[in-house]
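Shared between the two complexes below is chain A, which pairs with chain B and chain C, respectively.
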Partner chain A sequence: MRRARLAAGIFLLLVAAASLLAPLLAPAPYARQFREDTNASCSRQHPLGTDGLGRDRLSRLLYGTRVSLVLAPAAALLATLLAGVAGGTAGLAGGWIESSVMAAADLFLSVPWLFLLITVRALLPLNVSPLASVAITFALLGCLGWAGTARIAGAEARALRTSDMILQARASGCSAVRLLRKHIGPNLADTLLTQFWLSIPVFILSEANLGLLGLGVAEPLPSWGSLLRELGSLSSLGAEPVRFVPLALLVLTVSSFQFVLHREDARL
Partner chain B sequence: MTRRSVITALLTLSLTLYPARSQTGNQLRFCIGASPRTFDPLLVTDEPSETVRYLTGGVLVRLNRQSQQLEPGVAVSWKVSPDSRSIRFVLRENLLFSDGTPFSSEDVAFTLNRLNDASLHSPVADAFRAGDGKIVPRVESKNTISIAFPAAIVGLDKLFDQLPMLSAHSPHKEMAVLGPYYVADNKPGAYVLLERNPNYWKRDSKGHPLPYIDSLRLDVEQNRDLEMMRMLRGDIDLINSLDPEQYEHLKTRAPAKAVDAGAGFDTEQIWFNQVPSAPIPAYKKLWFTSTAFRRAVSLAIDRADLARVVYHGDARPATGPIPQANRKWFNSTLRPLSFNPPGALDKLRQDGFALRNGVLNDKDGHPVEFSVVTNSGNKAREEMATMIQQDLLAIGIRLNIVTLDFPSLIERISRTFDYEACLLGMVNDDLDPNAQMNIWVSSADNHQWNPNQKTPATPWEAEIDRLMRLQASTSDFNKRKQAVDRLQQIVQEQEPFIYLVNKEALAAVSPRLRNLAAVPLRPQLYWNVEWLWLAPQAEARR
Partner chain C sequence: MQVEEAMRSAVRHAIRMLLLLVLGSLLGAALVRMAPGFGVHEEDLDSRLSRESHAALDQKPAEDASLIRFYIHYCGRLLRGDLGTSTSLHEPVRQLLAERIPETTKTLAIGMALAWTLGLGAAFASLLSRWHWIQWSTSFICSLILSIPTAVLAIFFFLAQAPVRIAVGLVVLPSVYSFARGLLNRTSGLPHVLAARARGVGELGILIRHVGRVAAPQLLALCGVSVCTALAACVPIEALCDSPGIGQLAWQAALSRDLPLLVTLTLIVTLVTLCANLAAEAVGGAAFREVRR
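Showing the complex of A and B:
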């Protein structure tokens, strides 16, 4: 298990490094269309061939990985922070505040994400650059993804509130700020950190789902979701194996995130 | 050529055109996207119902989809009055509906009276409505009927291609039909089974009753990939319309099944929002209402590349609203705009734009950047938008592509007008340009770039209004053609719609299917269904 964790960690580091070095490693600009060379096979010029518009697949994969790997953790961080604030407050305050926050979390969990995202995205301003569009997409994912983690954080905070440790601290005259900083914060942080790591692959997959529907990152910026669209038809069944590289990378990366987390860390 | 070889050739030809009786008794299978919503031919709004209507309906006149000419249906002859306000039909004698009920001019009157019923809300009736008042059918004899309209209708006779006759007396109501097939079974969500109408009037030159094929099974299949897999397996015999990617896949896997029916009538176009009240910056409205700007954008788009790359060569650069395939109405003096980025920049400079450090700026220094909306899930449109994005970047214009779900897109382009440019297509099923009245007249809802105008916003829109009204007010073909030619010329000069490509009509068909004459007009493969027949498997392999 330890070896698998190590391999997964190294794999994630390599993927992250390759994406960060995209400007150096990419054989061509990710948006450039080699229109005389569409759907080309692997070659020295295009190691993973070209897509239907003649864009270099390797370049798009490297930049797409950067987009997905930078913004999915950012969305996960946003969702975890929101969940920490909402769940922590609910759990510690108890009473009607807890009931209201948990009811809101239940409501968010019951709403079909995909339709909500499609609706919210349709209301956004149209004239934004692809980079802003991708940031908005992930910010939306982050804002909508807090509920599950908030319930866990809420339960943890409630348990802490009634724990002997906190009762003793209160009895000793510990102030509310010190209570939060020294006792509740560090104890909740472990849970939130675990939830943060667990939600990264969820956000990667959410973006990929949106991308498959054509509602993800705006062209010409690549993302794993938009790269996977190449496999979205029957003709892809007989396609060259290189077309499946983005899919393989997505599966390996998501699996690696799961491996990196030690089972005991994942407090669900 | 010896006498023997001549006889052999004639025999082969006759076998191709006229199947042996043993070859007629089989079933043609194909898919429809959903179960038909209705079997009432006057209430058809969806494609599956339209398919059933076409295959079962007996119409007074039928448009030959190949010659694009009207042919007699259950009427042997017809005459439109010079003022285009009435039409007189002489019907075939001794015809029977599929259930054996006799057909007469009373049934025609019954059908038209039902069409008059406002409470029916028949979509078919819209095309027949002209001016206030009702359609007045007058039965002259058992086989003769005159129909008067409250106002002139251009292409009056052609409208009857869409109007199957109903029986006034049959207990089976709309299920009694005069077409080649009747609905024998319907399992919602699964299939519709059509059986050969034993009372169908048409016969081949040797006196064989038509249709040749005994039954049609229309399987309900929503998933187009599964439909294609069934086609490849030989479970179904045809797919009426394929997208370019499916077509290329079919050409690789089963080239004998791939059919290109030629240039289609549908168009793909981009347009700018010119609505004065639209919530977009005033300086952008100035760009979008500038003919030079629209023309420059058009010149900067490489249509040949769009056709070659996005449609794999199965499309042609578009010229205007009427595609070249519409032989009767296309203005043959027009040519597609050639790709000319330097020419585009010249036009922009003349209009006060300037290219600085690769960015185009207007005369007030605003960098030229706008968004184009299109519907998500349409891969071809998204790819076209991406290619146009690169083309426009070459002249310093930054294009942002926004894909929206269809309802949101329609809301923006039809109600809130909160968009800058839009890329969409238009389905053209009607060859007559009068059908595009609701697009070109400036007061129309579908005058997409600036709908519902009280008075035309520009002189060229006023001129288009005049031309459309002119062509609608006369039945003189030459006058109409002149007006429509001029309309096409104005549209190409002003480019309210920047036409991109005309797609080829692509289809899949079993090599067993004989007498096939694939055409771009719907229904592309089975428009002559009564003449189709299926060869036995062994013969098809040969």
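Showing the complex of A and C:
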């Protein structure tokens, strides 16, 4: 089991390194079209072939991995920070502030995740530049994914509110902001870190679902979601196995996260 | 006394649910009102209409000029059962829902039944069996399903021409299995279970009478949560498998920015989820009191 976790960790590092080195490893720019070579099969020039628009699949996979693997942790960081501030403030303040924040968290948790995502995504402009679509997609994931973590952070902060440490800090005239920054924050750090790691695979999968539904990252910028859209035009499950490479990479990456997180969870 | 306690808990939950709905509808109304393009009609761009017609069209948005007035109108319409008209499909939302709810209900019922039968069955099997490979294989399959985006699963089912309802079941299955297995494992280590085992009670008897009964309230609570997971899974599955349900309608509304339809759909789905959670909590609470007694 330990070896499997080590292998999962190494695999994640390799994928991250390959995506960061995409400009060096990619045979062609991700948006370049080889118009005479559309839907080409694997060759030395195009190791994974080309898509329907004649773009090199390997290049798009490397750049798409970079988009998904860099921005999912960014979204997870945003969600965790929001949850830490909301949960920490609610737990520390108590009373109506806590009730309001927890009611808002309950509301977010009551709406099925994908319904919430597509509703808010549809409220924002759909016809935007690729970079704006990346920012919108991942900011949305970050802003909507805070509720579960906020409930956990709120419960921990509530328990800390009546601890001797906080009572003494209050008695010595510590302000609420300082209490949150110096006392509550560091004590919530472990929980927030665990939640941060747990959110990454969830956000990777959410982006893939949004991309497949046409509500994610806009063309020509690749992401795992937009790369998986190629599966929709398959005629049968056995046709063109090379189109399954992005899916295999996604499944392996998310599974590796799950493996590594078991250990991370136990340690924390 | 117990009945009074149960009633108080039910009322408390109902009030909480009502407050959440009011908050949700306010948020939904605010989103619709503030979204870009609100109040712009297709007819505004029609050069064939006279100045008087354009002026008459402009009168309507003036009724909803402020957010508060818009919200009051919105809630008033909701209370009268008027869910508005879809701007993309040009049909009353109520009619669209009436046509599509039965399909989604069937999908949810079959999917949930499948997920719970398989999930609980696998959890019981991994607990009762001494073969580690059963536990390994069930955990592996569940991890694999968890790592595949729901939309990809939908594409596989569409290509294999398999029933889409099974896909919903597969999405819910990992959470049911993992939670049930963990819970049953923890419960089977409790002192009363160890005592029963020491007295020679059979494993199946222990599982049904001592482990299952104690774990029932939490499993019922999970049932409410799994409705939420199944409903979320309906969006990509129905959209990509061309199944005419609520999920497909939500996706079409999102792509055509049909905000009145989308927000109403989200509110209804939230109401269903809250009701499912409330019912699960109420039944789970009753089961817990029964176990404690």
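Assorted remarks:
Throughout what follows, the second predicted complex is superposed on the first by the 220 of 268 C-alpha atoms of A that agree within 3 Å, B and C clash if a C-alpha of one lies under 4 Å from a C-alpha of the other, contacts with A are read in each partner's own complex, and residues count from 1 in each chain.
The rule we apply is simple: a residue touches a chain if its C-beta (ideal position, glycine included) is under 8 Å from a C-beta of that chain, and two chains touch if they have at least 3 such contacts.
Since we're looking at a predicted model, the values are computed, not measured.
Note on chain A: of its two partners chain C and chain B, the one contacting more of its residues is C. Using the contact criterion defined above for the overlaid structures, shared-chain residue A:L114 touches chain C, although it does not reach chain B.
Of the two partner chains, neither chain B nor chain C is touched by A:T89. In the superposed model, A:N187 makes contact with neither chain B nor chain C.
Contacts of A:A104 after superposition on the shared chain: chain C is touched, whereas chain B is not. Contacts of A:A208 after superposition on the shared chain: chain C is touched, whereas chain B is not. After overlaying the two complexes on the shared chain, residue contacts for A:N127 are found with chain B alone; chain C is out of touch. Of the two partner chains placed around the shared chain by superposition, chain C is the only one that A:V254 touches, whereas chain B remains out of contact.
Of the two partner chains placed by the overlay, only chain B lies in contact with A:A31; chain C stays clear of it. Of the two partner chains placed by superposition, A:S163 touches none, neither chain B nor chain C. Residues 118-119, 121-122, 126, 213-215, 232, 234 of chain A touch chain B in one complex and chain C in the other. Residue ranges of chain A in contact with chain C, taken from their complex: 103-104, 106-107, 110-116, 118-123, 125-126, 201, 205, 208-209, 212-215, 225, 228, 231-232, 234, 236-237, 247, 250-251, 254-255, 258. Residues 31-33, 35, 38, 52-54, 118-119, 121-122, 126-130, 133, 213-215, 218-220, 229, 232-235, 238 of chain A are the ones touching chain B in the complex.
On the side of chain B, the complex with chain A involves touching residues 225, 228-229, 245-246, 248-249, 252-253, 305, 308-310, 369-371, 373, 376-379, 382-383, 385-387, 389-390, 398, 400-405, 408, 411, 418-420.
Chain C makes touch with chain A in their complex at residues 16, 19-20, 23-24, 27, 31, 35-36, 143-144, 146-152, 155-156, 159-160, 228-229, 231-233, 235-236, 239-240, 250-251, 253-255, 257, 259, 262-263, 265-266, 269-270, 273-274, 277.
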